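Take a look at this one; I'll ask things after.
First chain written, first letter: the chains are A, B, C, D, E, F, G and H, and each begins at residue 1.
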Amino acid sequence: SHTDIDYDRLERTGCPEVIYGAGKTPVQIEEIARNLLDAGQNVLATRLNEDALLHLSGAFPEADMHPEARLMRIISSPPPQAAGFVGIVSAGTSDQAVAEEAALTAEFLGSRVRRYRDCGVAGLHRLVSHLDSIREATVLVAVAGMEGALPSVLAGLVKAPMIAVPTSVGYGANFRGVTTLLAMMNSCANGVSVVNIDNGFGAGFNAHLINSLASGSR
Amino acid sequence: SHTDIDYDRLERTGCPEVIYGAGKTPVQIEEIARNLLDAGQNVLATRLNEDALLHLSGAFPEADMHPEARLMRIISSPPPQAAGFVGIVSAGTSDQAVAEEAALTAEFLGSRVRRYRDCGVAGLHRLVSHLDSIREATVLVAVAGMEGALPSVLAGLVKAPMIAVPTSVGYGANFRGVTTLLAMMNSCANGVSVVNIDNGFGAGFNAHLINSLASGSR
Amino acid sequence: SHTDIDYDRLERTGCPEVIYGAGKTPVQIEEIARNLLDAGQNVLATRLNEDALLHLSGAFPEADMHPEARLMRIISSPPPQAAGFVGIVSAGTSDQAVAEEAALTAEFLGSRVRRYRDCGVAGLHRLVSHLDSIREATVLVAVAGMEGALPSVLAGLVKAPMIAVPTSVGYGANFRGVTTLLAMMNSCANGVSVVNIDNGFGAGFNAHLINSLASGSR
Amino acid sequence: SHTDIDYDRLERTGCPEVIYGAGKTPVQIEEIARNLLDAGQNVLATRLNEDALLHLSGAFPEADMHPEARLMRIISSPPPQAAGFVGIVSAGTSDQAVAEEAALTAEFLGSRVRRYRDCGVAGLHRLVSHLDSIREATVLVAVAGMEGALPSVLAGLVKAPMIAVPTSVGYGANFRGVTTLLAMMNSCANGVSVVNIDNGFGAGFNAHLINSLASGSR
Amino acid sequence: SHTDIDYDRLERTGCPEVIYGAGKTPVQIEEIARNLLDAGQNVLATRLNEDALLHLSGAFPEADMHPEARLMRIISSPPPQAAGFVGIVSAGTSDQAVAEEAALTAEFLGSRVRRYRDCGVAGLHRLVSHLDSIREATVLVAVAGMEGALPSVLAGLVKAPMIAVPTSVGYGANFRGVTTLLAMMNSCANGVSVVNIDNGFGAGFNAHLINSLASGSR
Amino acid sequence: SHTDIDYDRLERTGCPEVIYGAGKTPVQIEEIARNLLDAGQNVLATRLNEDALLHLSGAFPEADMHPEARLMRIISSPPPQAAGFVGIVSAGTSDQAVAEEAALTAEFLGSRVRRYRDCGVAGLHRLVSHLDSIREATVLVAVAGMEGALPSVLAGLVKAPMIAVPTSVGYGANFRGVTTLLAMMNSCANGVSVVNIDNGFGAGFNAHLINSLASGSR
Amino acid sequence: SHTDIDYDRLERTGCPEVIYGAGKTPVQIEEIARNLLDAGQNVLATRLNEDALLHLSGAFPEADMHPEARLMRIISSPPPQAAGFVGIVSAGTSDQAVAEEAALTAEFLGSRVRRYRDCGVAGLHRLVSHLDSIREATVLVAVAGMEGALPSVLAGLVKAPMIAVPTSVGYGANFRGVTTLLAMMNSCANGVSVVNIDNGFGAGFNAHLINSLASGSR
Amino acid sequence: SHTDIDYDRLERTGCPEVIYGAGKTPVQIEEIARNLLDAGQNVLATRLNEDALLHLSGAFPEADMHPEARLMRIISSPPPQAAGFVGIVSAGTSDQAVAEEAALTAEFLGSRVRRYRDCGVAGLHRLVSHLDSIREATVLVAVAGMEGALPSVLAGLVKAPMIAVPTSVGYGANFRGVTTLLAMMNSCANGVSVVNIDNGFGAGFNAHLINSLASGSR
């Protein structure tokens, strides 16, 4: 077979290999998923297009399909659950697909998640009304497009470390998320680090790593 | 003389010609200032370097020198005062020179100004503590560097139109204010328009135009 | 429901929430519009694609549909009318969609509008022939693509504050409006501030804010 | 006084205010430091130029000066020590100043640090020879300039979460660290998030947050 | 005929003219291929879209079609074989099309090729397991997308000169390979030079030139 | 000697070699100038810094020194004079150095020049007042910084071909003339072509070529 | 009607209005063309897509349609012919559409044209073989994509002024012609000015202006 | 000691460690050089500033100092000489420092070098006059600034593989060599690969690798 799967990754890095669906055919994805299942691993496949979602939901009736977040999960043996939870705060309606990719990834790896939606900074009261709950999170993920101000505002109000995810939501001088990414990089608040544009997976992965560390579960 | 002064500008655009000091010698600036004074106009000179500030304070004992904002004002006949006031909100210590350029410009043209300093979004309580006063302004100027989140946050809390000024404060992926400018362009809040990086003068000018309109003083 | 509508925005910022149609399904837009109507608010929905325009004109027979500007308005209780008017000056044929988004937004909010089309600076006489009328506006919106020279030229001829809107009309080194935006940012004329590329809505909103201030109607 | 110090930040965000020295005069920095000391807080001042370093070492004989990392620390009451340690891995000689800023920040906040220098990927054996020690870290900081490959390579070999810091070391098409930042953003390895160019402080801060979470010390 | 073929190129530069298929119709490509065949030259056509692949496989039954690499070869008189071989190392599944363009080009010109797939630096053991074989190559081609770390890592482990090929695989801040190209340009390892994004052809051509020099076959 | 002067250029391209002073020592420039004089050619040296201006005015008492435009001319045998003239229109005070480089170059090569200064588009009446004279030019050079609107406006009012020269005058989002260059590239007016930022020499050269063609003097 | 045609442009600028077809419907283009014909002007319409080409060839049987160059010409009264000719030199097959836009524009306005195709600098003999003919041109247009070296090489061999046209032909780090444009801007050869990417129309227009000046025909 | 020298590199990669002087103090460089000498290796130190050059010529009387190329060589045991030679072709006077860095590096490693200066494409006869000699080279280095056309032109005339080096010579839209680098990346000629801006060292290194392969000396 063409692809040399990194079965050993779980051992080495603490996490199984995840299938990045972009640029792969539905059949290729199915094949890799079967190999992982055969090796006794849980399966997470992200960035699935409509064809792949359709094909895979046929091929794996036991799978958990998430069209909004464009991903599939097959969990044969649930991972150990970390004690704390990951808080995932998103700004606008259009940022929710990326926020959901982060949430479903963190859950797949063994973290509980609380979701806070529509917390854009142009209507600060929405963010503020959730603050008590947000402050209980072990680690936060902040997902925003456009000017990407959410992580700066939120990080000034909480103690938890925060992963910021710029999204490609915006137009004109937004450059498909590049302005958002750069703004987040320049956050004047402490405790913020950044992942690539629309990289909900990476944010969920990082957040789980930190949450499980904090829970002593690793 | 080399420079062809636009005396008529006051008539045509409602504002006198202002001297942009960058790239002019102290003597050239003095010469233009004298011509404006001779024509009965008030003088505002911006972007003065240390040499120019020194030379002009000698040449015009009656002048009002502002080294922090790098400008000089000579007001022979005070302009009519507009009724409302311009609120100028700035984020960090390093943004104050630009904020002051805006404030002194607006005052020069006939607007009263209230200044709100150190209102960066990483410590939201500072902004919030001034909100009642800020809400009384006719028009707002928001001055910020780095990720430039201040206008988005503030515009969601007030009714007044707002001029956002990105500053060149920042480092790395800030690109001397370009990231800030782009972020402000993408503000998710309504009622925000933007001027060039560090353009305190332009913001003060616009704010006065709007304030004087609102005061029926034009 | 997924979206947490900011009903209170009218109170807080003086303007109702507006529906940004890009990235929303026709059904989502209909749902938000119904909620706003139920809450007694007027409805403005922008950036509607053809599907959304079709669906919404069916769903809301009372709506005022504007395919050229890609927006829909439903006005149950007309807003108070400001005394002055907004002048909207556009450069070329292809800038008219954006200019119209600005015009229809300002009208929706309570401002009268005069439109000046085909005023590109390559044929200066066209602009000049409208100058007497333009000079009566309380506030101006200048919409242009390509090299974006219109605001610079026009601002030197008038007293009113001006919102410049770069459009994505152009090719090659225009970069879908980025060159235009940057050029407008560098305007050598006073009294110009800028909104995002193609952001007719933002310009109309700002212009109305200023116009209503000037009319003492707020 | 000009600057409105955020004394309350310790309470709200778990960390005291830190003085960002760039663009402040030595006297301004001294003044803020004295206020923090008076409020019973430890002092960390970063980005000090030579003048500031000289002035402050005179003003605060008790201070701990670090010219290489351009920072000063005054620790009146040592913070609680977290149980684990932060591993700080740097690529080349010229990246050490940034790595040291990260290390001294993490120590200031209460984390122990192990430093791994000269681990650039062009001589992989150097990185590999430290791997057993590196794997014991709770959290890692990876500091590199030029093509920024270190985080990708290292993250594939370890379980700990990693903060990547691009440095402005390089020339030509490096663009003072922008290429490095972008490359790190695109890391093909999991568990990596990124802070701004040369932002050793931010990396040390994040790493300590995570380390102290993992130690149950918060 | 429209196109003025450079038959003499073989003589002058040691290599026949190669057909760059992008932007040419299937019929234009066929015509040029026939002219080259008539002139007694072998034919290599790259960047063929699906239409062109289909048309040409009908037009030239003797051709060797490679849909994955999007190219066609017609070899009437096999070129002299160089003694050594070109090693082509690629990082991820999605880089294989470009790697294959390089491999098939080098073979077309007279070099033997060994292919090493799935050698991305996030799983270093895969690269290391091939190292003994890789070290036998006369010259190497390294093909990678995303952060493009492969050439830096590999060049530090081998003596052979290396041509690095950035691919357009990636998303967000990858900018279709530009980040990868810039990172490769900044490689901290010696012996690396770079060709354009996705330019497998150019890499294969360069590699063959060097391999044939080393084999004394030119 | 290190430099291989292209004496034959006059014959081949119709113009003598010109000395580009940037990056050359005063002594190197003197040496090249002497060689050109010995070969019977006139000498034009541009981009001279203060040291070079001083040294050369000592070395060549017969030279014509222009510190403002940073150039030197030594004309032993005056070139044939073209019949028409080159009109050189500049926008602001700070654009005059570049405009003068263009003017002195065109004169050096044999064209008469008329200079129109302070014709920035923010005060259109200044440009318009010169229009009758400007319309007599054979060819025009338009020199402007900031938003670079001058060529668009002027080209719409005249028949002559126009060379636009962006200058590096501006700040913030001007990027040392890049915005200006891009804006000029997008001019909506016909008959405009563009040279590099601050390239007064190139504009003067082109303008003379066209003027001499039009005068039948070549 | 929506569009305010600039009939007077012929008088003012020496050339009739030309229809820029991009972004206009076939019916809009037909309408403008009819108006121009009714006003006694010749018609040139550029950037026509396939729909427009089809519609217009039906609507104007007398028109001269050029699908390759995507333009239409209707010449009722032939313009005066200039004495010299415009030489249009293009580099690759894919640059011919732009070269043809230039050629057909220059002819439309009254210049004769000689076309030199496939003169890319990678096979210098092709350019050199045409040099005697090229040297007879009054003015040259050089059309090239990719690295855009053609104008530099050619301008060093000839006396005529040259308009360089970058094309969007290329891939990867070509950025749809931006690299080509920038390279042309930096040409080390004298006598070159540049128009926007793919702007064959602008180049043809400029070339005709110069040619007709040289012919004394204006 | 601070720096962990990679003595083993000679064994592993066929070349000794080279000292990159930028950002190191003269004393640090001396120390590393002594360590290399003690280990029996030859020393090459590049990117030396004036202080370092002065200090090192005092510290190592046996050293071979090259201020023009900013480097130092200490050769205790001459490397084996490869049979062929490296041809180094440079465009302008200002490119010679980079060309010399390449030449001295290749010689240091064991290759003979022929230098061809002032071969810019704007005066093609200079390049052509050296062509017979250039064609004898085993491998070529082409060094150019501005539009970087030299490699494209030269590669079309020769068989040898070519390393192109963009230099930071240029102004305005050259962006300190970035335009040159991008143009070279887009070379339409075969057999060209590119190294970083001003990276003469890298080019000389690559060229020697290839030359020594071709000479069978490795």
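In the analysis below, a contact is a pair of C-beta atoms (placed from the backbone, for glycine too) under 8 Å apart; a residue touches a chain by one contact, two chains touch by 3 or more.
Owing to the predicted nature of the structure, the values given are computational and were not obtained by experimental measurement.
Colleague: Through how few touching steps can chain B be joined to chain F?
Modeller: Each step joins two touching chains, and the minimum needed here is 1.
Colleague: Please compute the angle of the rotation superposing chain C on chain G (C-alpha atoms), rounded to a multiple of 5 degrees.
Modeller: Rounded to the nearest 5 degrees, it is 90.
Colleague: More C-beta contacts across F-H or across E-H?
Modeller: Result: the pair with more contacts is E-H.
Colleague: So the centre of each chain is just the mean of its C-alpha atoms; given that, what is the distance between chain C and chain D in Å?
Modeller: Chain C and chain D have C-alpha centres separated by 46 Å.
Colleague: What's the distance between the Cα centroids of chain A and chain E, rounded to whole Å?
Modeller: 36
Colleague: Centre to centre, by mean C-alpha position, how many angstrom separate chain A and chain B?
Modeller: Distance between chain centres: 43 Å.
Colleague: What residues in chain C touch two or more of the other chains?
Modeller: 123, 155-157, 172-174, 181, 185-186, 190, 196 - these are the residues of chain C that touch more than one other chain.
Colleague: Can you give me every chain pair that touches, using the contact definition above?
Modeller: The set of touching chain pairs is A-B, A-C, A-D, A-E, B-C, B-D, B-F, C-F, C-G, D-E, D-H, E-G, E-H, F-G, F-H, G-H.
Colleague: For a test of understanding, state which residues of chain G touch chain C in their complex under the given definition.
Modeller: 2-4, 6, 8-9, 22-24, 28, 166, 168, 176-178, 181, 196-199
Colleague: Using the touch definition up top, name the residues of chain B that touch chain D in the complex.
Modeller: Result: residues 93-94, 96, 117-118, 123, 125-126, 169, 171-174 of chain B touch chain D.
Colleague: For a test of understanding, state which residues of chain A touch chain D in their complex under the given definition.
Modeller: Answer in residue numbers: 12-15, 18, 138-139, 155-161, 163, 181, 185-186, 190-196, 202-203, 205-206, 209-210, 213-214, 216, 218.
Colleague: Contact residues on chain C for chain F in the complex?
Modeller: Going through chain C, the ones touching chain F are 91-92, 120-124, 146-149, 152-153, 155-157, 170, 172-175, 179-180, 182-190.
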